[in-house]
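Listed after this line are the structures, all set down as structure tokens.
Shared between the two complexes below is subunit A, which has subunit B as its partner in the first and subunit C in the second.
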Partner chain A sequence: MLLEVEDLHASYGAVRAVQGVSLALSPGEAVSIVGANGAGKSTTLKCISGLLRPESGRIRFEGQELNGRAPYRIAALGIAHVPEGRRVFPELTVRENLNLGGYLPRAKRERPATMERVLELFPILRERTGQQAGTLSGGEQQMLAIGRGLMLLPKLLILDEPSLGLAPIMVEATYKGIAEIHRTGVTILLVEQNLHLALEFADRGYVLESGRVVLEGPAADLLEDPRVKASYLGM
Partner chain B sequence: MTRLDLRAPSVYVPMLLLVLALVAPVAVPNAFFRSVLIEAAIFALLGVGWNILGGYAGQLSLGHAAYFGMGAYTSTLLLVYGGVATIYGMWVGAVMAMLLSIPIGLASFRLRGPYFAIASIATAETLRLLALKFREFTFGALGTTIPLTPNAPLNFLFADKLGLYYTAVTLVLVAVAATAWIERNKLGFYLVAVGQDEDAAEAVGVRSPWVKQQANFVSAFVSALAGTLYVQYTYFIQPDTVFGLAISTEAVLVAIVGGVGTLWGPVIGALLLQPIAAVAQAQLGSTYAGAQLIVYSVILLVVILARPSGVVGVLSPVYWRALSILPGAAIDRRRRVAPASEVSRASAA
Partner chain C sequence: MTPTVVIQAVINGLLIGGIYGLVSIGVSLIFGVVKFVNFAHGEFLMVAMFATFWMWQLLGLDPYVSLFISVPLMFLFGACVQQVLFRRVIGGSDLPQIFLTFALGILLANLALLFFRADVRTVRTPYTDATINIANEIFISWPRLIAFLVALALSGALFTFLTRTDIGQAMRAAAQDRDTAMLVGIDPDRVYRVAVGLASALAAAAGTLLMPFFVVHPYVGAQFGLIAFVVVIVGTLGDIRGALLGGLLLGVVESLGIQFVGADSGRILVFLILLLTLILRPSGLFGGRGART
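On to the complex of A and B.
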């Protein structure tokens, strides 16, 4: 297993966001976590990348315990988290944003080559390298955020709602890029509210409801399963 | 680095400005004018120091008096007790401020936004109270004067204060150069990233507590130098003046008015604010006590409301426009010196 999460609990103050989530990813897989708003999807991701300290549970990456490690240490192991809402650095240029992802020792030497790969993956960014990231369109910012994560040369790429608020044509371009990244052997953990998008892309899926995994299985099966839609609509 | 071509406006204009700064106090031998220039240089230095942590790294510190006062007290006490010349004591003070920045950083960097600002006020206040409390050592609320020796350059005591001005200008230039270096290197990008979105920065592997502490080190060092200069300028030290909230506020104001997170912002802010403060104080302070503060506040409000990016946001395009029409502009165009990103960054900030 590349990533194992066991019985994860996490909360924001008194709000219990995740109550016993377990999941596992094999190397090279593409896995989606789906569920309604507030089901605990993003919280689970934040615990994995260290942005939020879990209350209990175990997170292991390539056999190493991640609990309580600082985010930069987790990133150094090869986990890149592309947070929800893109979160590029608006006043830095596209090139500077990308470079920021590539300063870690694991990625530093390859930085120019990785940058070239990212620009090939998302050609629209190439025309914008000197432009401030804040002036990009939503879709371009999403591509930049993904590219910035890729600069780490991650083994695991965590994507939180990459389609959120994007025009359909941009969603398509973004997912094309993600699929391309997956083809090069990067394991992908994806959170989406857009059920079809997520499950059509992924090999396997987990359905979260109120901080718990209520269903899991091959993505194709989940797409057919009436319980998925039910859980989605909170029925 | 391309060879400096004196015919290019991007070279000769800054040089002319520098010459202007150096010649101004000599050309106008007026004591009031000179003291305004010196104050502007000292607070420019403080502002440049603050800007590294408060501007680039986005940590709104309201407690830089802690570092300012640390520098001021260290060099002064070394001079008073040990007879250590200020030119050496100044660096000791700066290093002491760096050491001081470690516990301050450890205690406050886990806090974000307004909580960090409040904690930073507390650190300066704590030091002010300590300086008041240990009066056998620090001379307490009464303060102490600098031992006056006529013309002792090593203590920055000069017959006509011109020497102090040149010392301050030199330090400002060095501090700006250091900032420029940081801005162009990994640390600078990390600082801006942490300042703009700490979580996103950490997610790409930025070790934000350490990045902030590095900024804190430089910031403390530079601010402490300003503190030493300030005491050598006023010949007097007491906890309220060097550890007081007024100093912390001044550091923030020159940077905000000039342009937060820009290279020259704090310098321009100080050049603008200090004369206004001095004139308002001289014209109004004696007749209507406190009126100068009202004038000052109104100007601040206007700047902050009309130009949140600071005066640099207005001046920078004007500056580059001017360079592009001066004789020799063709050389600059060929070399593409105008940093398009810098212009747009300043106006978009």
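On to the complex of A and C.
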């Protein structure tokens, strides 16, 4: 297993967001976590990348315990988390954003080559390299955020709601890029509100409801399962 | 009032304004990156001035030589202060930050008073009174000109550092979005140590450059600290370029005030500018947010 999450519990103050999530990813897989708003999807991701300290449970990456490690140490192991809302550095240029994606020693040497790959993957960014990231459109910012994640040369790429608020044509371009990244052997953990998008892309899926995994299995099966839609609609 | 007097006052103001800018850039850099106001910043400058004085007095080192000692030492001093003291109050509410930095300033001033007494000291160099006569009746003091030029060069160097180096870009990234900066592998504590270290190093450079033509005493820090706080408000807190331009502007304003209002009340104009800024443009002349470059 590349990533193992066991019986994860996490909360924001009094709000219990995740109550016993377990999941596992093999190297090279593309896995989606779907579920309604507030089901605990983003919280689970934040625990994996270290932004949020879990209350209990274990997270292991390549056999190493991640619990309690700072996010920048977790990134150094090869986990790139592209957060919800893209979170590009708005007053840095596109080039500077990408450059910082390869800030860690693990990625620094390959930086020019990786940047070239990112610009081939998302050609729109090439015309914008000198522009402040905050002036990009939502879709361009999403591509930049993914590109910045890729600059880390990650083993695991975590994507939180990459389609959120994007025009359909941008969603298509973004997902084309993600599929291309996956093809090069990067394991992908994807959180999406958009059920079809998520499950059509992934090999396997987990359905979260009120902080718990209620269903899991091959993505194709989940797409057919009426319980998925029901859980998604909160019924 | 002859034009010569006005031109001379503007030149003097610009020259000292470069030093004001250098001190203010430090305050602005810390605020932009680490998000608190270092009320001890003037005292950091005072420490560097005393260090320069004693290196001259005891070792015979020229200030332009001891610059290469005081600047790295103050970088280390700042980084240590950040790690040991400031780190404990960042991210919290404003009051502990204000109390801590203010108390540190008082402590440093009183330590200086304890060890060096309230004497006013200065460094006498062969070039202290050297001037260039650039036009009829208009003179430029050499040490002031050198201080001004080095201040501009250091400001430019900082700007280049923030835009061109990895750690400089990381500093701006952490200032804009701390969580996301950590996700790309940036250790914010390290970035903060460098930011406070650099700000202290700039204060040290300003202090050392002042010594050939200025006096040092335990309370000299308050004088420069006060100006720096006015500058960063006028020039927009967190804005590096604004701090430099604000420093030059207030240097000129102060100099004109001394010339035309009176030597004791020259700063009336400085605080008038502060009041006008707060009334008309509370976010400063360059209004924005974050550690701007």
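Just so it is clear, the second predicted complex is superposed on the first by the 235 of 235 C-alpha atoms of A that agree within 3 Å, B and C clash if a C-alpha of one lies under 4 Å from a C-alpha of the other, contacts with A are read in each partner's own complex, and residues count from 1 in each chain.
Everything below uses one rule, namely that contacts are C-beta pairs under 8 Å (C-beta built on N, C-alpha and C of every residue); 3 or more make two chains touch, one makes a residue touch a chain.
What you see is a predicted model, and the numbers here were worked out from it, not measured in a lab.
Colleague: Given the superposition on subunit A, are subunit B and subunit C in a clash or a fit?
Modeller: In the superposition, subunit B runs into subunit C.
Colleague: Output check: A:124 vs subunit B and subunit C. Expected answer is one of first, second, both, neither. What do you get?
Modeller: Neither subunit B nor subunit C is touched by A:124.
Colleague: Touching A:220 in the superposition: subunit B (first), subunit C (second), both, neither?
Modeller: After superposing on A, A:220 lies clear of both subunit B and subunit C.
Colleague: In the overlaid three-chain picture, which partner chain does A:148 touch, first (subunit B) or second (subunit C), both, or neither?
Modeller: both
Colleague: Examine A:132 and indicate which partner it touches, taking first as subunit B and second as subunit C; both and neither are also allowed.
Modeller: first
Colleague: Once the two complexes are aligned on chain A, which partner has more residues of subunit A within touching range, subunit B or subunit C?
Modeller: Of subunit B and subunit C, the partner in contact with more residues of subunit A is B.
Colleague: If we overlay the two complexes on their shared chain A, which of subunit B and subunit C does A:72 touch? Say first, second, both or neither.
Modeller: After superposition on chain A, A:72 lies in contact with both partners, subunit B and subunit C.
Colleague: If we overlay the two complexes on their shared chain A, which of subunit B and subunit C does A:96 touch? Say first, second, both or neither.
Modeller: both
Colleague: Do subunit B and subunit C touch any of the same residues on subunit A, and if so, which?
Modeller: The overlap between the subunit B and subunit C interfaces on subunit A comprises residues 49-51, 70-72, 75-76, 80-81, 83, 87, 89-92, 96, 99-101, 103-104, 148, 151-152.
Colleague: Can you list the subunit B residues touching subunit A in their complex?
Modeller: 186, 189-190, 192-193, 196-197, 199-208, 261, 340-341, 344-345, 348-349
Colleague: For subunit A, which residues count as touching subunit B in their complex?
Modeller: Against subunit B, the touching part of subunit A is residues 49-51, 70-72, 75-76, 80-83, 87-93, 96, 99-101, 103-104, 130, 132, 134-135, 145, 148-149, 151-152.
Colleague: Could you pull out which subunit A residues touch subunit C in their complex?
Modeller: 49-51, 70-72, 75-76, 80-81, 83, 87, 89-92, 96, 99-101, 103-104, 148, 151-152
Colleague: Where on subunit C does subunit A make contact in their complex?
Modeller: On the subunit C side, the touching residues are 163, 166, 169-170, 172-173, 176-177, 179-187, 290, 292.
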